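Quick heads-up: structures coming right below.
What follows is a pair of complexes built around subunit A, which joins subunit B in one and subunit C in the other.
== the complex of A and B ==
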């Protein structure tokens, strides 16, 4: 409970003279709270580095059994390691940003978050950033074992690679924002988070190239910002692509991420209206 | 009141009532639509992913579809049966269940019965989905298939009892399930045959029952393999089918003793 009190304390940092700085402090306080809450659980500490490695190894041996040495012209381990990076980002989108308000409901602090003078969007983004940071140990371990396993890294344009990485994390936060309100409006936030976790591994091309998806699945894949960000990240880190070679997927990432952000703003407004109409802070 | 005071018919009614109660609770909590979404999507989408990786290799695709059903069984038993006790603890009803004047194994068996029905349904849907999307070449030996399934389920029942008991003791069965599921799904051979794994994975995989079970299920359902032909897999599977339930019951008993020693039925 003390961590949630701390989260609310973040909102008290609000400074009327510099609202941007105040919102940033709220985001940072929420991210810190998210991390404290997560790492308070010893099982979560074990999961942070272990699960990504196990998933990477699992997919590696599956590809090995299939006899494939390359995926879409890129080496298998490198392809999967970048897919693992996306998996961790997706986990942050669903269980960090997307489930942020649900977590506040479980903790009994939802009402305080809503009535406090900070933006709800900052709380969602803060949880999303907390989720991204939680994934860093797993990512480091994955990259550490990917190289000895034979990952072939080819970064010829570091700026392009950094842009692609930022696009991936930006889309993570945008999706988290979109889901944050939609999950609550669905009245089944936990079920929604569980549902969305696995299909995206397939649809966004985390482990299987999108080119092998049937047409109707490919159409769904096209509205997921991470699909494009992941394409750009793979091209810039595994094939040495330049910025000019990946500007289209980067632009598509921004466009589709904007749709999720718009959905987030709309759903949070709807949630706010529903709360006022009902005269109750308890939506579930 | 001891278990001896209850006739078998009453215990069976209790078991069915417990299964029905836990089923209604789960479905009514999330609604039928979301319930289906949550419990069916993981195995089905995982199967699609693996089957797409094996595109062009019919033998491995057949394996992936039957292995996908095995994963659905594991998923259902792990995340349902393995979390039953902890869910009751979180709802504040675990103490009432322990205190109820009925045999403990009757309500526990009822909960497990629903978990089993759910897991089998998910497995059937996974196979159906895989067959529709990729086609599967079935050649079933009924006796070998039923025997393998029974032994496999007995193993999973025991395993979920062990994990469930530890989950209550550590007060977070869901995170424990999340932690355990990925390595178990890998070592169980749900996505590729144990024989195709590298040696360092094959050794621990042979220390678990699931790899034998899924290999035997694949043989009995896609190659019309008889019990005699599958003895190398069925023999260790049978050993685990005896051992794991016994260990599971001992683990459950330990949890109960822990509760008595602490004087707190909810273990919180």
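== the complex of A and C ==
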């Protein structure tokens, strides 16, 4: 019962030819694993399409009660449906990506993941992408409900709308990466994710237009990449805006997302060193 | 001279126990200047009670923990500076029930961990099939890990640890919590790892260390208190060897006569006699084989029937006692609760 004939210092089975390709495959494998693990939970399967619909209907009732029919010149249901899409992306980013390492801790696999040579950033991004894919059925159901409820969809430039959607997902992944190290260093991922949730909804304009925020809050709102991505997505899907009309918010999304990504990579490096120095990896 | 795959020099690790926001912590030196080296293709055991510093040493070698001072290299790479190179060459099995995705099947777990180690698809498929077969899990490979028994999980852990064919395998308490049959299975797997792999094993199971390890370091309170080949360690314990013979019950007169004869046997340093349903004659000596021959000849000559015979050689427990001056179980747990 011999394992094999020889061991070549751990290099025999490692694919060293293209490290970038290898990292991308790790991201894809992590997304797949995230989906498989989530799919194993019947409550999560039931919750995925219901949660966004319930939130959309609740927000619609709140606006109806207030008598408001339009938000920033766009119809209420359409505005809320796009906000719901952002909520799903945010959920994927924070609970999938940002909390990815915390989730490994709960699973008891954090140590095994950390001592593997794969990059922690790839694990976080992979979990974020897994979360985004998991949210797609909810998104479809949400849009299917929004149209009969009166959402006015006006997409004149589909490419621009797709770019805006991708920008939204990219921005949420960047935020997930940015929060990943912070969440682990604080060892309170769930508490922090919950803490950030409501302020982000408000500051990034998920359900309430940013135009109603007091001036001093704009300083914070302006550094959240999703704020710009949401503006672009609403303009391209509800008002038929072209790419040329939304290039500024898209560029702002990329710029602010880059800041979050850089912060994420930096904090993850710090996390690795800090945890190894503190000796708290196994205590997490 | 054989290549040293793991080299550890004066390794130290201090933890600071936190006592609150304002109160400064107390320092605990979990590892206090450990040095050893492990030649290629051998099993090196770190034997010691809970809290001796074994797991802290393992964590430093597996790059989970930075040493406070000292150096350690794995396959020639420094664990503090070249952690990525070390991680690629290392397979680590942590003790306990953790480290697998319970919602995934055994095969899916291997597939994902293969990716984490940068393995190509074909290699993952080939190695997974081979290792699942090796650990007798092929038939259960598609089932979720949550349905596995503790022994099955541990066997899957071993498959996961070997998946990328690491040059060095670190096994932290690999049989802890396993039933005896599963523990024997796992020990067989470990024994088969050499000489193709170099294995560092931590355990507090004396028997496990004795049967598996080429060399052993006895660790206590953060220091190596004795090291060497298991037989040499036991020999160094300088504990008397014993031949214990269970006899049919003897009359007081026969008993006295028997003890007098036994005391005359060459090489016997002490004779102890216990009466009961069966009587027990214990002979302390330096050479158990010769004493056994002579004592059986004596018993035949004086027509005493023998029920059973047991030879008691010095154990690693005796070696631990000799090195530390106290029983194995008595050691205090010095593992820091918080850093």
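We take it that the second predicted complex is superposed on the first by the 266 of 284 C-alpha atoms of A that agree within 3 Å, B and C clash if a C-alpha of one lies under 4 Å from a C-alpha of the other, contacts with A are read in each partner's own complex, and residues count from 1 in each chain.
By our rule, a residue touches a chain if its C-beta (ideal position, glycine included) is under 8 Å from a C-beta of that chain, and two chains touch if they have at least 3 such contacts.
What you are looking at is a predicted structure, and each value in this text was computed from that prediction instead of being measured.
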item: Which of subunit B and subunit C A:254 touches, first, second, both or neither; value: neither
item: Which partner reaches more residues of subunit A (counting touched residues only), subunit B or subunit C; value: C
item: First, second, both or neither for A:63, with subunit B first and subunit C second; value: first
item: A:41 touches, of subunit B and subunit C: first, second, both or neither?; value: both
item: Partner chain in contact with A:51 - subunit B first, subunit C second, else both or neither; value: first
item: Partner chain in contact with A:198 - subunit B first, subunit C second, else both or neither; value: first
item: Overlapping contact positions on subunit A, where the subunit C interface meets the subunit B interface; value: 41
item: Touching residues on subunit A, where the partner in the complex is subunit C; value: 1-16, 19, 22, 25-26, 29-30, 33, 36-37, 40-41, 107-109, 111-118, 123, 273, 276-283
item: Of all residues in subunit B, those that touch subunit A in their complex; value: 30-31, 34-35, 37-38, 41-42, 45-46, 48-50, 52-55, 57, 60, 170, 172, 175-176, 178-179, 182-183, 185-186, 191-193, 196-198, 201
item: Contacting residues of subunit A [partner subunit B, same complex]; value: 41, 43-44, 46-47, 50-51, 54-55, 57-58, 61-68, 188, 190-192, 194-195, 197-199, 201-202, 207-208, 212-213
item: Interface residues, subunit C side, partner subunit A - complex; value: 13, 15, 56, 59, 62-66, 75, 83-84, 87-90, 92, 94, 97-104, 108, 111-113, 115-120, 123, 127, 130-131, 134, 144, 160, 162-168, 188-189, 192-193, 196-197, 336, 338-339
